[in-house]
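Sending over a structure as structure tokens; questions will come in a sec.
Chains here go by letter, A, B, C, D, E, F, G, H, I and J, matching the order in which they are written, and residues are numbered from 1 within each.
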Amino acid sequence: MISFLQNNSMQPKLTSLQTRLFQAKAERKISFAELAEILGHEEVYVAAIFYGQAKPTEKDLARLSKALNIPMSHLTEAYGPQFYPDRGGLMENPPTDPLLYRLYEMIQVFGYPIKAVIHEKFGDGIMSAIDFSAKVDKEEHPNGDRVVLTLNGKFLPYKQF
Amino acid sequence: MISFLQNNSMQPKLTSLQTRLFQAKAERKISFAELAEILGHEEVYVAAIFYGQAKPTEKDLARLSKALNIPMSHLTEAYGPQFYPDRGGLMENPPTDPLLYRLYEMIQVFGYPIKAVIHEKFGDGIMSAIDFSAKVDKEEHPNGDRVVLTLNGKFLPYKQF
Amino acid sequence: MISFLQNNSMQPKLTSLQTRLFQAKAERKISFAELAEILGHEEVYVAAIFYGQAKPTEKDLARLSKALNIPMSHLTEAYGPQFYPDRGGLMENPPTDPLLYRLYEMIQVFGYPIKAVIHEKFGDGIMSAIDFSAKVDKEEHPNGDRVVLTLNGKFLPYKQF
Amino acid sequence: MISFLQNNSMQPKLTSLQTRLFQAKAERKISFAELAEILGHEEVYVAAIFYGQAKPTEKDLARLSKALNIPMSHLTEAYGPQFYPDRGGLMENPPTDPLLYRLYEMIQVFGYPIKAVIHEKFGDGIMSAIDFSAKVDKEEHPNGDRVVLTLNGKFLPYKQF
Amino acid sequence: MISFLQNNSMQPKLTSLQTRLFQAKAERKISFAELAEILGHEEVYVAAIFYGQAKPTEKDLARLSKALNIPMSHLTEAYGPQFYPDRGGLMENPPTDPLLYRLYEMIQVFGYPIKAVIHEKFGDGIMSAIDFSAKVDKEEHPNGDRVVLTLNGKFLPYKQF
Amino acid sequence: MISFLQNNSMQPKLTSLQTRLFQAKAERKISFAELAEILGHEEVYVAAIFYGQAKPTEKDLARLSKALNIPMSHLTEAYGPQFYPDRGGLMENPPTDPLLYRLYEMIQVFGYPIKAVIHEKFGDGIMSAIDFSAKVDKEEHPNGDRVVLTLNGKFLPYKQF
Amino acid sequence: MISFLQNNSMQPKLTSLQTRLFQAKAERKISFAELAEILGHEEVYVAAIFYGQAKPTEKDLARLSKALNIPMSHLTEAYGPQFYPDRGGLMENPPTDPLLYRLYEMIQVFGYPIKAVIHEKFGDGIMSAIDFSAKVDKEEHPNGDRVVLTLNGKFLPYKQF
Amino acid sequence: MISFLQNNSMQPKLTSLQTRLFQAKAERKISFAELAEILGHEEVYVAAIFYGQAKPTEKDLARLSKALNIPMSHLTEAYGPQFYPDRGGLMENPPTDPLLYRLYEMIQVFGYPIKAVIHEKFGDGIMSAIDFSAKVDKEEHPNGDRVVLTLNGKFLPYKQF
Amino acid sequence: MISFLQNNSMQPKLTSLQTRLFQAKAERKISFAELAEILGHEEVYVAAIFYGQAKPTEKDLARLSKALNIPMSHLTEAYGPQFYPDRGGLMENPPTDPLLYRLYEMIQVFGYPIKAVIHEKFGDGIMSAIDFSAKVDKEEHPNGDRVVLTLNGKFLPYKQF
Amino acid sequence: MISFLQNNSMQPKLTSLQTRLFQAKAERKISFAELAEILGHEEVYVAAIFYGQAKPTEKDLARLSKALNIPMSHLTEAYGPQFYPDRGGLMENPPTDPLLYRLYEMIQVFGYPIKAVIHEKFGDGIMSAIDFSAKVDKEEHPNGDRVVLTLNGKFLPYKQF
């Protein structure tokens, strides 16, 4: 059996169907990029479905079922109207994995500067993490390729009451 | 005296000169956007200098001195060769401010999906938080403007040894 | 088998009968709203029974037994006189799920202001979380529907002794 | 000098002007209810301004200046365009004060049930803590008056991307 | 099978014999009050034996064996000379269950006042939690019955050396 | 000047008037027992007033003013209608002082047994920490005097809704 | 089967062979004192081997094999050259068990005084916890026997470099 | 002025008189060993008085007054009947200083083995940290001197109730 | 079966194949030094592969397969393109094992001095933990052999933006 | 006045003399490298003296006095026989500064592999952090210079007792 996860500590945080999604993806050697094209989503969003951090639609399920050869009924049972992600529980705080830690460190070091600039540009409010998208691009560069992570969230002004 | 900070808990984390930078900026009503143009940096970077999270160069200091009318000698004394930022101590973990928390939540919810996509696109390594830049753009939108936060970091592959 | 839970981390916090309640509800596609009507409780209270945060009465059990087709004897054995909820252990602190975090943030940001107003209106005491009810209403609105969460608790003045 | 705060541990979390607001309110024996009427806000919102958790508008400041007899220039200097609240830092986690703890406990015990009901009524998303209002009402009752805390937040559906 | 525990999180903290004690008690519908009379202990002490927080004597075991119909050999094997309670691991800190939290809050709010009074009455020392007893009484009252928790510990003066 | 406090770490948690109460008490060598008689309260309650954990009434203040020779106006200014205790912040968690720790340990070891007995005797609810009193008695004993701490709280049944 | 452990929470921290050692010791009613004599070690050291906190030598294993009637091959397989204790993971911090907590409290209260005396007697360095021994003696006393815990560690001066 | 403390972080944890004790000791170059002889205590106990972890008697104060040339009235005012140590707050948990950490590690690694041996030798109870003494001896050794720390505490059996 | 791990708490952090690697190494009595020579890596790197902290290449797998007699297909399935280490989760923070704690303490005590020297020698930046190698050498010495741990990381200057 | 520190949060952790050392070094533009040569120590050790993490000898003080033009009496008063560093309190855990975090991450990721290799090469024991030295070297490299951090600690075998 293919080892589809990076270590055992992730296992109890995934449902058996999420485990099956990862396994099917590994066996069929389909990339998130390919699935993103099939589902019409960003790669990050597809990965979020796999990790149980986003709720797939009926249409997403139909396409996943076909791409990964998992019976539709198994998917609709698991991701039916009773399913709502319980988000945010995958990561330690602060994260111990170096890749995740670097993302966290960007906020830790540049968080207040970013807050100051958002307030100056938009006023008193926040950048939504719900009406939100994220994408990862590869910027090729002779001194080493660069990861460009674009986070796009609606500005929500504080309501006065 | 102008209240240049958002609350008192930030005060002990800033040096007296950093306090003076914020105050001068508030009194002269200069925005980070204007300073960014004067210094030739991103707004986030200028704010990072103000918050003591980045080390200004001699040239940065000369331009700040002129823009904020602070004697150059005061700046060079404070930011001389003996000064190196002790970064990352401004933020609680997890952050309590809602704007900062949303940035943190983006990592908490989408961190593993982002990690999975970076690995697929780049291989085994990380996105640098050192050889790194951040910028905040305003995307106008009829349903509400959007904050676009672009994080750009060099991919660093793990070295085998 | 229907996946009735949002992820695996909730599983060890529920008894096998609570798991069965969720499953039966999902299979029979009965909503909390329908169960609330059948049991004569608020939806939040019914959900609290499912999550083991409230103790159902004999009458509640009879109605649940009928609505979900679970033998009454199974329910009375599990929720008999020896059963008392061990409340409050479901949530991380602070919660990682964004919906739960927002509820927490409301207290974090507005807690002291609410305390000041309660003291001004009622005097020295607290709002009970025991002699208490909660309900969720949907307020339709052209700019987006609103969640109205009404928390109603008896004021308990501090006793002098 | 009037002791306007509940203990010393709050002091370093307030700016000197916020301290002055509390003091003026105590000396003039003006209630949050009266100020709420003067400013046209909910009492909780007025208290949030006092605690530095909300940003007062120019109009709010003019009315506060008059009601509390604080020179307008002092207020506009402190709450000018450079001021943005750094929210959420007042409370310990979990809160130690019993009134605040009860609010926290309501989320701790009933958080998942509320989440389940919101999802059933609204779908996959959150209740906003930004496009949000809170009010405290007194419900008189022969067995003891009741605190009715109404939290009203826009439902924000998760964006697919 | 009777569900004798309040939730699953307690399960791994009990040995299989402690589980069996709870189950036998539930099936035979024997109260702690009845067991207290049979064993000649306070109810709290009997419950402490069930939760593995006190070590039963040979005599206690003989009476438990008879009252709960568990073979004496099973009890003496489990609670033989090699058994010593590993106390204090049942509770989260601070406790999340509201009943337990209130006990904790009494110490949190009134701990220093109690310390001041003990010192005034007894001198420099502590109230023992080892040479100690606890009992719960019900005080009937027209406005609602009252729980009277009496904690009785030997005063231990600090030894000078 | 008399050192009225046990160490410096308590200082920032008390207001200047609370400090003055302790000092006046030490200088006049009045015990909490004497003040309790003068004020008509339990000693623990009087100590709670000194530590800012209870709100004194007008009558309490008049008696304190006379007993400690502090001008009434100073007391009424500090403990006027704007004052409400911010309770529970004095103690570390878990407490480091051995006397306080023993109180905490009693809950940690015997908390679940006490919960089980309260439920058996009263049903589903809690022991109030608000409608509550505490007293410390000295039980003389040839093997060493005993501290008897009596905690008396109203039983509050969970409300069904 | 004999219950050789104090509760279930210790179980996952022991290997199956360590479990077997405890069981064999309980069944054969051999004390640590007897094993200490057989192995030529202090009792504390023998117990440390049982808890996986010390690495037994070939000779220790041969004697344990004989004393506890466990085949030598089972012991040498488990404690072969590939085995090195992963020390220190048994205890919560701070420990919840009262016996362990008292040991911890001795350090918490008297740690700085002990440090001051060691520095005065030995200079700048530490007391080794590696080149170290511990023993427990019983000092009989008419007012109650006393535990004498002797900790003996090499003084290691800080190296200048 | 002599720097009598090891760093500034200790300063706020000591009263001004404790600071004066350390200073006088440093200026007069009196060792804890000499003071121990003068006061008739162990060195550790004298150091505990200096660190505010033990309450000096009238006689201790008279001898300290003479040895350190501090007016008796200053000492009796500070350590009068109103003074009771608030113990245990000096140390971080776990301690960061290597000398203190080694003491802590001894408990962390050998705590359960010590508990097992105490139970075997004494039965179900604890080693008192109140009816307790500690001393530090220097054992000269050709391979390096050894610190012998002897902890002596009364065994307190658990009371049955 | 050989016990290849130091205790049970490591088990859930390893995949079943990593467990198998340790077991095969123990059974065949191959050292990390020998494997390092076979694989052409530092011993630390080989151990990092075993602990799931480094990603082996195809060539590494082929050599491991041969050296440990594990079918290549098992290894390539587990360490295929879908495998990326989830690093850093093995260690408690701070570590409880004394060997690991000493490494941590070196950073805790000498971290700021090292930072100061790196800044002086290299400027504003960090020492990479990604473009990084570690090796352990044995330096023989008459007073006791020494461990020489050489950490070698690329200096990464902070990018200005 | 020269700003000799990296931010304000370090200030309360240093004594006034340590502050003066940093200031004198900055004003005279002497590097740690130069001081290291003058004092005959590694640069890291000199920086450790500045940060209060190492105790300077009489000879170190004489040389520092001369190099930094600080009167010897000031130094000997501060670093006299009564001074012993209270080590390890400078760093947050985990550290927030990226340079310090990378050092920490090296242990977090490679700690267990390093432990495994040390055990294999040396047996059961630790690498001393007391009989220890650290040095930082610059390794020039066309792709970017490298930081070589050499940690050298005596191997201390666990003593059997």
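Just a few scattered comments:
Assume a contact is a pair of C-beta atoms (placed from the backbone, for glycine too) under 8 Å apart; a residue touches a chain by one contact, two chains touch by 3 or more.
All values derive from a computational prediction rather than experimental measurement.
It takes 145 degrees of rotation, in steps of 5, to superpose the Cα atoms of subunit B onto those of subunit H. The two sequence copies subunit C and subunit D touch through a face in which the numbers common to both exceed half of the numbers used overall. Farthest from subunit A, judged by the mean position of CA atoms in each chain, is H. More than half of the contact pairs at A-I come back, by residue number, in D-F, the repeat among D-F, G-J or C-D. Each chain gets one centre point, the mean of its Cα atoms, and the points for subunit B and subunit E are 54 Å apart. In this assembly, the C-alpha centroid of subunit C lies 47 Å from the C-alpha centroid of subunit I.
Rounded to a whole number, the gap between the C-alpha centres of subunit F and subunit H is 29 angstrom.
Residue positions 44-45, 84-85, 87-88, 94-98, 101, 105, 108-109, 115-116, 119, 125-126, 128-130, 132, 134, 156 of subunit D each touch two or more of the other chains. Across the whole structure, chains are in contact as follows: A-B, A-C, A-D, A-I, A-J, B-C, B-D, B-I, B-J, C-D, C-E, C-F, D-E, D-F, E-F, E-G, E-H, F-G, F-H, G-H, G-I, G-J, H-I, H-J, I-J. Listing the residues of subunit I that touch subunit H in their complex gives 94, 96, 98, 101, 105, 108-109.
Residues of subunit C that touch subunit A in their complex: 1-10, 22, 25-26, 29, 92, 95-98, 101. Those residues of subunit H that touch subunit F in the complex are listed here as 12-15, 17, 52, 77-89, 129-130.
For subunit J in complex with subunit I, the residues that touch the partner chain are 31-33, 43-48, 50-51, 53, 87-88, 90-91, 93-95, 97-100, 102-122, 125-129, 132, 134, 136, 138-139, 141, 143-156.
Every residue of subunit A that touches subunit D in the complex is listed here, in rising order: 41-42, 44-45, 54-55, 57, 84-85, 115-116, 119, 124-126, 128, 130-135, 156-161.
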